[in-house]
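Two complexes are shown next, each including subunit A; its partner changes from subunit B in the first to subunit C in the second.
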Partner chain A sequence: MYKELRFALYAIRKFLQSSAELRTSFLMNIFGMFINNTAFIVMWMAFSHAVGTIGGWTAIDIIALESYAALSLGTVFFFFGGIQKLPQYVLSGSFDRFLLSPKNPLLRMMTSHMMVSAFGDIIFGIAGLVLYAVLGGLNLTSIVMLVLGGILGVFAFLATSIGIFSVSFFIMDTNIVSRGLFELYFTPSMYHGGAFSSGLRAFFTYVIPSLLVAILPVEATRNQSWETLGFIALLGCLWFALSVYIFHLGIRKYESANFMTFGT
Partner chain B sequence: MKTPIVQVTSLSKNFSYPVPKQGKGWLSNLFFPERRTVQAVESISFAIHAGERVAFIGPNGAGKSTTIKMMTGILFPSEGEVRVLDMNPATDRKKLAYHIGTVFGQRSQLLPNLPLTDSFEFFGVMYDLSSEDIRRRTKELVQTFELGDFAQQPVRKLSLGQRMRAEVAASLIHEPQIIFLDEPTIGLDVVAKKSLRDLLLRINQEKKTTIFLTSHDVGDIETLCDRTMVINHGKLIADMPTSELSKQFISEKFISLVPKEHAETFPPLPEGLTYEETQPTQIIVRVDLARWDVPSALTSLLGYFEAEDIDIYNADMESVIRHVYERT
Partner chain C sequence: MNALKFPLTVLKLLVKESTRYPERLTLEGLIISARYGLLMLLYANVFALSGGTIGGLTFPDAAWSMFFYFSLMTLGLRNIASGIMDDVLSGQVETLLTKPVHYLQYRIWWQIGSSLYQFFVITIFGALLLFFLVGAPTVLWTPYFLPTLFLAYVGGMLLTIPLYIMVGLTSFWIEDAKPVFWIIDKSIMMLGGSYIPVALFPPVLYAIAKYSPFGASQLLTHTVYGTWETEWPLLLGMQGAWIVLLFVLCMTQFHCAKSRVFVNGG
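Then we have the complex of A and B:
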């Protein structure tokens, strides 16, 4: 396990070094994503101001919501960006190189690529959560919960992403299907938290676990609910186990291909 | 008797894919497509001993890459068994990876934006080598494969020949016992091909690394491999010393004559003797060994042409291989 993690960290460092070789593109990507997220949060805050509190959600909560969502997406796609390239790897046959590696193919694949622009999401996410803590006047317990909520949101997002992109082992036309599934999963996680009640809430918690990414962490912090954090952790673990199982089942189905590719 | 390091027994691999049903609507074909199964590899068996240099050849789609992929743990066999270094590649994949090297000619394993030495370091760390070992192996490989001139260049800026040498070198960083090469000389010019073949021969002789190679290039087979296996339509149709291939599959020889005086007319030859080349200064005749023995064919030809020089030779390897493929 130690060797696996050591190599994963090394691979991330190497990819960062490789991306930094193309400095201008690297910085432009990060800056671009930061601007994009800011525009998005301004729009949602304007909406919240206009309509007032919905389902207990205020404009300040929206800052935390969007920050959690950006942090989850940013952390996973920056450090484990290979996951969103899995459909392409499977289609082109370049997944072969992860199976030829003496390391865990899932970790090796996930750390094979970094989505550079996702670093902008991470910065945005952290800055947003700090702003939320200041504007909301959070006490120490709430700050601890805020941090834990972020970690669990990232974990839940990673767990579900593995499952979603592993679908590409089973279904042809993989880019479209997995991209569609991903949108179906992630887009609701950025919606106004007050929009989810009863049936819809259950659906987007248990069937499509979008609420685990940002909405439930915000509610846990706001309501100081350890139960909610525990619930996110439990469901995240279940999704992780299921997703890893799907991934390994997918490896058995993998048929390779002979397209020309470059490696990392 | 030595135990083989690779043992393949009744190995088969099937692939299935959806095909549209004739006369059915697109909706029916979308949700309930008919599936067709292709047998890519059909019950093949062979064994390889340490230090051998084996060519695994066959026409496009014969099952070469599929077999290599099953031997390296990329694909799971549909039936049969593979043992490589007494491990099952499908279940002991990670463990096996420490002992084998792989090069796929159409696919690069190197880091495109970083210097070549960074790729060596990357693979060294991946194979859990110490920093000192990585430095030592990098130095050795740069020297052996003559990579010094471009070792600090980003990989994406290397020529194809340089890149392929680097690919092979990188695959040897952990000193594997077997190296699997899938069309390593594809797209290379003659100088780069020769250089790569010489290097492979060298590591086989110096380190006793077993070489298992697929190629469409006759030169790779002739100069590099002492044993050739031929696969076609998923079946192993020949497995013999490379030097024996022509004897087994070609029932013809060639007689080359240099006429004493410039030949101007070329009379029709008896059945079984065919002109391959008719020039005033050189005549080449193909002899069908099913109809003629060589001395009789030569006597017959000397009745038509007075010769200054005579050369008798076998079909070249390319013809042999074409013959093998066509026969099957």
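Then we have the complex of A and C:
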């Protein structure tokens, strides 16, 4: 396991070095993503300004919501960006190279690519959470919960993403379907927390676990609820186990295209 | 007549292809339902809490306003930008530019053709569903509504196209135009009234939404507001002016972009 992780870190470091070669593009991507994410905060702030507090969600909570969502997406797609390329790998047959490697195929596939712009998401996420802590006047316990919420959100996002993109092994129109499924999963996680009343809340927690990424971590921090954090961790673990199972099931279904490819 | 031959052939071909993949339509419908449906549930809750109206706007009008935005979005005109960016990055653009068909024309018709079927099906079914769920917009039976809505739809398409072409063409100058795309795309999304009906915007944002090309490209979201009755000649006129200006700018940019192409051979 240690060797696997060391190799994953090596692959990440190599990608970082090659990204740094295209410095202007790298910086522009980060800046662009920052603006992109800010737009969501501005929109929901304007909404809160027009309609006031809904379901206990204030304008400040929106900052934490969008920051958590950006942090989760950024961390997973920056360090494990290969996961969103899985449909492409399966479709082109270039997934072969991960199977031929002596390393863990899931970890190898996930660390095979880094989404440069996702680094902007990470910076935005951290800056937003710091701003939330300052504006919300959080005490030490809440700050610890804020950090834990971020870690668990990232974990839940990673767990579900593996499952979503592993669907590529089972279907033909893989690029479009997995993109669609991903949007279906991630879009609600960026929506105003007041939108989710009882039935909808259950649906987007258990069936499509979008709320685990940002909404539940914000509520856990705001209400200082360790139970909610424990719940996110538990559901995250369940989704992780299920997703890894789907991935390995998918590998068994995968048919090689005899397509020779090289790469990290 | 010959000028119409190419668009008609592309449209016929791609619409026919779209009908062969019903799962794509289902998925697109699901995504729109998740995005728009969730927003509607949120607004239904908000309007109920606020006694039925917010800033003089009723829930059905807000729902229709945002529906028009999402309907136009299903045409996927934003993909024109990513298509151009991909062509430039892959180097395929040098081949496409040598073809007898104008490159931009090819990109526009290809995108419209790929999404036209989804656009019609989702718009018609969505409108019917919305009609049964929230009722008709207040202004439905006014004589100006349907004709101006049609004009705003067509104008919205015509203005969105040069906006995204110009974004795509920036990839001739910078190695990665994605950041430019995000900024323009979010400006259209925000000022077009996707998440919040424009009528609920604070005054400064409202003015920007009305007079900027980003907001003007989604003018159809204004058609259900009470102010539309008096403002439509001015707003549609301005939309027309933006279309002319941006098409001129777009063609100038394309002319300059072509001079930056170098053939790699092979």
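In the analysis below, the second predicted complex is superposed on the first by the 259 of 264 C-alpha atoms of A that agree within 3 Å, B and C clash if a C-alpha of one lies under 4 Å from a C-alpha of the other, contacts with A are read in each partner's own complex, and residues count from 1 in each chain.
Methods note: contacts are C-beta pairs under 8 Å (C-beta built on N, C-alpha and C of every residue); 3 or more make two chains touch, one makes a residue touch a chain.
All of these numbers come straight from a predicted model, not from anything done at the bench.
Of the two partner chains, subunit B is the only one touched by A:Lys103; subunit C is not.
Within the superposed three-chain model, A:Arg252 lies in touch with subunit B and out of touch with subunit C [touch as defined at top].
Judged by the touch definition given at the top, the superposed model places A:Gly180 against subunit C, while subunit B stays out of reach. When the two complexes are overlaid on their common chain A, residue A:Ser18 makes contact with subunit B while staying clear of subunit C. By the document's definition of touching, of the two partners only subunit C reaches A:Phe47; subunit B does not. In the superposition on chain A, A:Leu135 contacts neither subunit B nor subunit C.
In the superposition on chain A, A:Val147 makes contact with neither subunit B nor subunit C. Of the two partner chains placed by the overlay, only subunit C lies in contact with A:Ile35; subunit B stays clear of it.
Subunit A residues 22 lie at the interface with subunit B in one structure and with subunit C in the other. Only residues 3, 6-7, 10-11, 14, 17-19, 21-22, 93-94, 96-97, 99-104, 172, 252, 254-256, 258-264 of subunit A touch subunit B when the two sit together in their complex.
By the touch criterion given at the top, residues 21, 23-24, 27-28, 30-31, 34-35, 38-39, 41-42, 45-46, 49-50, 54-55, 174-176, 178-183, 185-187, 189-190, 194-196, 200-202, 205 of subunit C touch subunit A in their complex.
Every residue of subunit A that touches subunit C in the complex is listed here, in rising order: 22, 24-25, 28-29, 31-33, 35-36, 39, 42-44, 46-47, 49-51, 54-55, 117, 173, 176-177, 180-181, 183-184, 187-188, 191-192, 194-195, 197, 200. Residues 15, 18, 65, 69, 72-76, 93-95, 97-98, 102, 104, 106-114, 118, 122, 125-128, 154, 156 of subunit B touch subunit A in their complex.
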